[in-house]
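These notes are about the structure you will find just below.
Going in written order, the chains are labelled A, B, C and D, and every chain counts its residues from 1.
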Amino acid sequence: MRQVISKKNKVVTLEEAIEYITDGCTLMYGGFGGVGTPPTLIQGILDKGVKDLTLIGNDTGFPDIGIGRLVTLERARKVIASHIGSNPNAGRLMTEGRLEVEFSPQGTLAERVRAGGVGLGGIFVDVGIGTIAEEGKNNIIIDGKAYLAETALTAEVSIVYAKKADPLGNLVYDKTARNFNPLVAMAGAITIAEVEEIVPVGALDPECIATPGIYVDMVIPTKGVNWKWAWE
Amino acid sequence: MGMGVAVRNRIAKRAAKEIHDGLIVNLGIGIPTLVADHVPPDIHVLFHAENGVLGTGPSPNQGEEDPALCNAGGLPITTVMGASYFDSAAAFGMIRRGYIDITILGALEVSETGDLANWIVPGKRVPGMGGAMELAQKAKKVIVLMNHVNKKGESKIVKTCSLPLTAKQSVDMIITEMAVMEVTKEGLILKEVMAPYTVEDVMAHTEATLKIGATVHSIE
Amino acid sequence: MRQVISKKNKVVTLEEAIEYITDGCTLMYGGFGGVGTPPTLIQGILDKGVKDLTLIGNDTGFPDIGIGRLVTLERARKVIASHIGSNPNAGRLMTEGRLEVEFSPQGTLAERVRAGGVGLGGIFVDVGIGTIAEEGKNNIIIDGKAYLAETALTAEVSIVYAKKADPLGNLVYDKTARNFNPLVAMAGAITIAEVEEIVPVGALDPECIATPGIYVDMVIPTKGVNWKWAWE
Amino acid sequence: MGMGVAVRNRIAKRAAKEIHDGLIVNLGIGIPTLVADHVPPDIHVLFHAENGVLGTGPSPNQGEEDPALCNAGGLPITTVMGASYFDSAAAFGMIRRGYIDITILGALEVSETGDLANWIVPGKRVPGMGGAMELAQKAKKVIVLMNHVNKKGESKIVKTCSLPLTAKQSVDMIITEMAVMEVTKEGLILKEVMAPYTVEDVMAHTEATLKIGATVHSIE
């Protein structure tokens, strides 16, 4: 589908973007506790009724915040994340056998997503040695030290949230709403960016572009956050 | 943690004494978050948050929160001069490379050799490890803040962890509402006792082999 | 030695910085064809007479440009790089058996340096499969596909060149002079940044800092490039 | 490459025809660098350079060069609106992930199955592979621009490469001063002949099994 998208003006409607997110697909999402997760795309996925998703992201948000909304409404059959503690629905569904959950240490998860995004097969890392996190993983010894082989993660579709985009898909983020977004943006075969503001080509400082447009296929304007933050 | 604000702040205050000028510190959620408030203003510390910021400042005033500026626990923060933002891979790069001088976090169990368990209770709660494995394994100094005993009254400071580990031999110091203990090559050492508890109280509530330090200070 | 360096004001003199670069040490350097290689630090190393260096960087510059000056004057016993073609002295010394050279594909080299900088053991990558680049490397099969295990690189000292620094060591770079610098900055046990301008703490946009000061131990002001570029 | 400016530009001009609207293109040093000058201005192309820039523009005027703005060959460049700078790891991330639509580079030898050798002459020159392995292995389309024969008059288009490989089965198209050839599943196909050379000239100077395409065009 990638070929039909314009490389010169990537701005599309929500409806056009949501077409690419289909039942059973692998969906990677930016955000950390919901901060930096694209609210309008989440709503669009909910409204379209997409189901059986494999979700890949840092966490499962909160019950009514971020990706948590999809988890709570049982739109996912599997989640790969570093923690699900802030969304009790995820834990309940896992216990009930209705949601498969694969955990990675947070930094390892970030590197697995990045590795997928930059075309590596994976990384080796010593985090989790001596814990159950090493179960089922290849060991590799380098200079007498043990490492775990951690495989790259990619997705059919990645969704990210940014502060500004130009029509070429160049992105800048906003403070800690950056988090996993630049990594997730690289790892999707199709990447959709929801942004607060669309600026003309040339308006972004080339030194400060966090995600070059090469990684972004579609840009949609956000309708804003439609949930209440936990601290509110 | 099921303890009052005064006790939580007392633990946080004691932990803050470990933070010296020039250090880079990562605070976990819960009591550790309170530690920042107890660091004297003349001490220059850079607080690191693993979602992607170095140089966090005090909590914002109510009504001045920025939803795009939170710590790893999702709570609104501010930043200090010289702060920087980066993605979470870069944030964990700093952790794995050993640049975090002190990490302060909670625990379910700590063993006398410094093994840490804080991410899973089999058959009950499986919240996930988040960034705790990296922080516990890689920070230069790991300080655990927690209740001395669990809800059943059982010691959380044990000979051997029964829960799945977060990291082996990683904890350097444990601060509870009862005591301050250090994990050393000579074993787990009782360094300080929090009033009104006595050395005997602490020993009675500790399953691990706890050696009494040469000089056990009492904290009022 | 790291402990003696102030974390609040990292600005030092060239002489103080050069103390950390000693005979036989492993020295990693930023730059790509000399662009982005710190000229004042190179001159300081030459003047101090440091020898037997193991150099790690993208290339060996030109005979009188960048790191090439150290290579030409035989201050290195080993180089790990992706190419040495622009400095015929490197090739000559290699042929004469007076300089050991280890090649990595450029992107693999960049990732090996980054891996060292972010505390990974290494990466696995399929670049170079079926060529002599795979000799002596561990193979790993993931999902039926072959990858090479490429080990992380670190250095005792890293030297980088940046446009601006603040006293905390936060760095921003200048256009394509960025290249390997942010990676090299992370991989050194000691990292010295030579910069065009030192600005007060708070003057750099926190969103645009390419290298957070956590990675930088010392900052020195540059005396400017003291070579003629190949195109001049 | 030991050929005149006119011939070099002719090869570059032919290569430019492969560049369509919307593509992302990486140009190697030597003749490939000239290709940009032959792309019509109404064609929107993003040129990528592996040192760390997307969106390079024409060469600067003399005296307007910026030493901090060069291509991977170290030559001064400019940028276009919408350009971005990043480090070399990010630059190669784009390459390995398959985002380069076309890479145009030089070669020492190309085999009839598209094997590329361009980084080492054993016993003579060992310049290193630089970024050629990534580009040849990962770009969607690999175009080689080179002399048809080497200095000894021997074909550089061979049945099997004798030099160490840069990448196996990677080259899609070869453009020389004599001809344009494509590597296909059916073998190496002669598609175009550059005047004044004839099909017979090309066949006589090609060691590889070269099949004559259904319609061989002649380029004036």
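We take it that a contact is a pair of C-beta atoms (placed from the backbone, for glycine too) under 8 Å apart; a residue touches a chain by one contact, two chains touch by 3 or more.
For clarity, every value in this text was computed on a predicted model and none was experimentally measured.
Ranking A-B and A-D by contacting C-beta pairs places A-B first. Separating the centre of chain C from that of chain D, both taken as means of CA atoms, is a distance of 29 Å. Taking each chain's centre as the mean of its C-alpha atoms, chain B lies 36 Å from chain C. In chain D, the residues that touch at least two other chains are 85-86, 89, 92-93, 95-96, 138.
The multi-chain contact residues of chain C, meaning those touching 2 or more other chains, are 111, 118-120, 125-126, 173-175, 206-207, 210. Contacting chain pairs (ordered by label): A-B, A-C, A-D, B-C, C-D. Listing the residues of chain D that touch chain A in their complex gives 22-24, 44, 46, 48, 54-55, 79, 81-86, 89-90, 92-99, 138. Remark: chain C residues 6-8, 117-120, 166, 168, 170, 186, 201-202, 204, 206-207, 209, 212-215 touch chain B in the complex. Here chain C touches chain D in the complex through residues 32-36, 58-59, 81-86, 91, 94-95, 101, 103, 105-108, 110-111, 113-114, 125-128, 130-133, 163, 173-183, 210, 225, 229-231, going by the rule given at the top.
By the touch criterion stated above, chain A contacts chain C in their complex at residues 111, 115, 118-126, 138, 140, 142-143, 145, 147, 149, 151, 172-175, 205-208, 210. By the touch rule above, chain D contacts chain C in their complex via residues 49-53, 65-76, 85-89, 91-93, 95-96, 119, 125-131, 133-134, 137-138, 164-168.
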